[in-house]
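Note that the chains are named A, B, C and D in the order they appear, and that numbering of residues resets to 1 at the start of each chain.
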Amino acid sequence: MSSSYGDHFRMTVFGQSHSPAIGVTIEGIPAGVTLDFERLQRFLNRRAPGNNDWSTARKEKDRPEFISGLRGETTCGTPLTVLIRNTDTRSQDYEELSHVPRPGHADYTAFVKYSGFQDYAGGGHFSGRLTAPLCVAGGICLQLIGREGISVVSRIAQIGTVFDRGELTESTAEKEFPVVDDERGKAMRDLIAEVKADGDSVGGIVECAVLGVPAGLGDPMFDGMENRLAKMLFGIPAVKGLEFGAGFSFAGMRGSESNDAFFLQDEKVVTKTNRCGGILGGITNGMPVRFRVAFKPTPSIAGEQRSVDLRSGKECTVKVHGRHDPCIVVRAVPVVEAAAAVAVYDALLQRRKELG
Amino acid sequence: MSSSYGDHFRMTVFGQSHSPAIGVTIEGIPAGVTLDFERLQRFLNRRAPGNNDWSTARKEKDRPEFISGLRGETTCGTPLTVLIRNTDTRSQDYEELSHVPRPGHADYTAFVKYSGFQDYAGGGHFSGRLTAPLCVAGGICLQLIGREGISVVSRIAQIGTVFDRGELTESTAEKEFPVVDDERGKAMRDLIAEVKADGDSVGGIVECAVLGVPAGLGDPMFDGMENRLAKMLFGIPAVKGLEFGAGFSFAGMRGSESNDAFFLQDEKVVTKTNRCGGILGGITNGMPVRFRVAFKPTPSIAGEQRSVDLRSGKECTVKVHGRHDPCIVVRAVPVVEAAAAVAVYDALLQRRKELG
Amino acid sequence: MSSSYGDHFRMTVFGQSHSPAIGVTIEGIPAGVTLDFERLQRFLNRRAPGNNDWSTARKEKDRPEFISGLRGETTCGTPLTVLIRNTDTRSQDYEELSHVPRPGHADYTAFVKYSGFQDYAGGGHFSGRLTAPLCVAGGICLQLIGREGISVVSRIAQIGTVFDRGELTESTAEKEFPVVDDERGKAMRDLIAEVKADGDSVGGIVECAVLGVPAGLGDPMFDGMENRLAKMLFGIPAVKGLEFGAGFSFAGMRGSESNDAFFLQDEKVVTKTNRCGGILGGITNGMPVRFRVAFKPTPSIAGEQRSVDLRSGKECTVKVHGRHDPCIVVRAVPVVEAAAAVAVYDALLQRRKELG
Amino acid sequence: MSSSYGDHFRMTVFGQSHSPAIGVTIEGIPAGVTLDFERLQRFLNRRAPGNNDWSTARKEKDRPEFISGLRGETTCGTPLTVLIRNTDTRSQDYEELSHVPRPGHADYTAFVKYSGFQDYAGGGHFSGRLTAPLCVAGGICLQLIGREGISVVSRIAQIGTVFDRGELTESTAEKEFPVVDDERGKAMRDLIAEVKADGDSVGGIVECAVLGVPAGLGDPMFDGMENRLAKMLFGIPAVKGLEFGAGFSFAGMRGSESNDAFFLQDEKVVTKTNRCGGILGGITNGMPVRFRVAFKPTPSIAGEQRSVDLRSGKECTVKVHGRHDPCIVVRAVPVVEAAAAVAVYDALLQRRKELG
């Protein structure tokens, strides 16, 4: 089903930007896992809005409320439902959206799909706010895969025309503004401030690596590790591109350049290069799983844009109100990590069955 | 399950490069559809090996044998199974692969996943040959979506360092070597000949457009049209990147450049630009669905490569024998079309249920 | 996944007897359906505890709280989550159950499955209380199928050794104690009072008919209408048998007695007898879908029973405390109707896709 | 999907009574399993037609042809497809069935569902012949569960008005005509001969026990062991009833009679009685899983029956031609075992994942 993900760790994300709450229902978490709620909250805070210059003015504390699936702080094996209340909603900002779609948003396509009954306030189920429950599920998965020595790190690789330099490492990922080269990070923040001042927005790229993944995860042909990550990552609003390892650069390469030769290191098969992004034939090879995700600019911009009034059937203009991020990329970093963690944990459960 | 795809049109691809046959089992084709077998064969011939300079010397006629699901030439509503016999197999070429993995291939990861019991001959289930049954399923879907006015066109956008120029159109897609600019096509073919002579291989990019798609297809958050296409396309061997519309170029854009404004044309809502690739919020907007797929170079190259003997646990070298494509991209064009057709038809069945 | 049901109307039931709330997350309800909340509440009241002599003393108002999926009172097409708060819980009644399983309950098997981490209070996720969210989902489906002229009726066919007489009709189903023969109903209630006085419990049979079902629902071989209903009905706690139409009586029949001959009535194909229970080859034939469900006696009885202390590994005795129904069958009637409604609605969505 | 079963061992049954072949495609068999083909053939022979007095005159050798999924005689981890050719078909026997449905058969419902495009010859996909590929899948699962000490035994409990006496044991299950009391078995065979002579048919009951099942299988609420078995067993043509343990007899019991008390035996928790059929709360308790399956009489009988001509829209009569079993119950015994084996193995794979 559409807002669900996973074969073994099965989560369903629910809620709209302005419904009483948003949340997630999860099946498949093993019994007996004691959750670290503080660590989960710290993870959610990285995504929460209103915390800094580059995010929307909407303020939400994003405190998860556990409804079921626990006995005390430990999972009991049955479905886990978590809510996050919506508090700072201003539905009056959105009346016009019921019939005048904003360019670049899902307003028009939601109108068609739900025959005019879509919950348009704040973008409804299409709001970036729905990444909060995804981060709850992902934050739990990060704890689950962490027990098996797997971690997820990421950085901002590009914002607008500013590229980060250097190699992604664990220490990069711990920064508040995760780039290798802090000077470039400063340039990115300046660019965000500039587009914000212009009432404009800007896109970017997040690079992510999953470290410590065992060889053997992923199930070809259509549940390979790339397919699993792709199905998940394109569920994050604004994602329009995805590449693994050398990705699009492979197109310009020859096989003699692109193959990663095998070596032995401490009796383990390794590759020194990692152009394949840790995945061959859809299955992890034990090297880090590396991928890059392209985000389009937030479609909410200040100026007047051309649109169509679906009620009157006439062309018109629209001005976007409400509170928005000038650049979604920064807050998207933990969302990409959450998404990766869910995809990897689900593949891990599949693998566990095989190893029996 | 891993070699299955689709919620409504559900196909399972089976077989190995050297098993008696490969094939596909399909559930969910409506009863009463008369198939055009000649058209299907023509489509399969575009992918079949041994037909021209740029493909492997292995010759397979790829004649589909319909086992079930038909009454005469018309579907009867119950599962359809189609076989394609493997005839020109030379398993002796592959003995060494059971324990010395070829760099860039799935040999090593298959060894780990299947605990040494993988069918290594010819790459087993990981062989590009498995795209033949995918083309059977896709060829059927092309006929099914064709009845609703939907078609799929594609071109080679890049091979190695040679880029095509101009805009993809239906007439481009009909060419034997589908590029807009035939001069560039000539350069691509020359490059393939060159790398072949070098015993090397080369990657590339296929661009694809689905025309005539109605607005409203795709099911957010995780079964959006992008997610559906991605889960399918990353199932094609050698695919390492995927982008929709402007894709990775979005990263460098501002919102004021990237949004596609809405207009009316013959009382239909349209956009003049199509940077979003026909998809907003995971749902089609009625414009062509456009995407680009990056292929890595065929990993089979002539020279000696570094590897590891998994039996003796020692580093070693490997030389790849067997017959291979110097550039998989040309034969991949119909495979991408097949993949797109399956994904779109499955989404269409989902949509049909909603419209009731 | 285990606590989920449905391919198109997909519901996940969550919660434990003593968790903050129980509830259900539903995907697949079409947009634009205005729900009748009063009708839903009346339906839930039929199942709610504490309303009469034959049910547990636990009092719960069972007021559904809609968290998502609506705009006002109308569905917006995205996932719907509903909570029912647990208020009257007395967890201290259940401490011993963590390690001394009650015979006939799921205490022991839950202990094994969840490795001792099960939420044992009040039976946890295995409590009959979890039928409340099932009734929320079912109550919604009853409204959805009602729009297509389908209704569900049922009666108590047997309690202990007392059988109802006569034919199930719509007027029977509307009674507070739904039996055709009210004298037999009186005898059933007397029997319940008697076993209650004895500190004992008693089993029974519910008969159900789905009226107005169109021919063509159900998907052989394994998603036939019988399979679909069976998968759902055996999810109701205490259900141990299920038969369609003549069911087990078929075993003693000859074909010349058991076949339902076809006739025409108002140009519609009908049968006069309905021994097949409205289903042939897994597909509905347009006659009422009829089935009977056997419930075992509530395992909670007053006397001392033999058990095993799983902590000390010694045999012991157990006395069941807490508040319980002497006969679950009466409150199970609307649960069976809810279950049938969900199964039928899900099949109907599948059918809609075929009819396109 | 409808002709598919299983979450982990996923099989899709395909074919029609008169298509070139019938078969099954299976995903989820672990790599490295060496199959015993002779044992599989012996199992298939128990179901195969034409072997004795009580089965149809149609002769089929039912030799499975393995198309994929093996390297030699050992599974390689990727999908396994097996064909069984249809050889002894006489389609001319069935022309009338395209528009005059036989009472008790799926002819009418298939006509409605597939809008007149159903493959009516020999009952198409609804033929009992489709239980042959189910037996291939089940025969493989019997070997897989056998490695874990699990076996499936069954007997004919009733044919027409003749009941078997005594308790089902492993030695019973090995008989050619599996009943405890051979005198009653003789009476059953006499009854079958009698109804055959009358051109009539007769129903019956198969009792089955799965021995050696570990505690902890089954996934409540809707994938409990009862739900899993039910979804599978109602897929066998002619099954109309199913009960676990005491089943419908529970209705007449009191809790003080029906609960199975717990004891210790060799430090293992056991019950001396097994009224619950080895399942509590949907989860196995380590005792044998016991259930009974009711079959309706074969609907094919010699006399003239009332029907409707769907082409002319007039009432008419129909006489059934073709070759048929006077009593399907005897040949259904291995089919029930196959079905149980598949359901148990799939649950076992799920359990394996939990135990990690």
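Criterion: a contact is a pair of C-beta atoms (placed from the backbone, for glycine too) under 8 Å apart; a residue touches a chain by one contact, two chains touch by 3 or more.
What you see is a predicted model, and the numbers here were worked out from it, not measured in a lab.
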Going by the touch criterion at the top, tell me which pair is linked by more C-beta contacts: B-C or C-D. C-D
Where the centre means the average of the CA atoms, what chain is farthest from subunit A? D
Let me have the rounded angstrom distance from the C-alpha centre of subunit B over to the C-alpha centre of subunit D, please. 39
Subunit B and subunit C: spacing of chain centres that average the CA atoms, whole Å: 46
Cα centre of subunit C to Cα centre of subunit D, whole Å, reads 26
For subunit D, residues that touch 2 or more chains besides their own: 1-4, 13, 113, 125, 354
Which positions of subunit D touch subunit C when the two form their complex? 1-5, 13, 101, 103-106, 108-110, 112-113, 125-126, 130, 158-161, 195, 198, 200-205, 215-216, 218-224, 226-227, 230-232, 234-235, 237, 239-248, 250-264, 267, 269, 271, 275-277, 279-286, 294-301, 303, 305-308, 310, 313-315, 354
Residue ranges of subunit A touching subunit C (in the complex, touch as defined): 1-4, 10, 12-16, 19-23, 25, 27-28, 31-32, 65-71, 74-81, 83, 113-119, 121, 124-125
Looking at the complex, which residues from subunit A come into contact with subunit D? 7-8, 30, 349-350, 352-354, 356
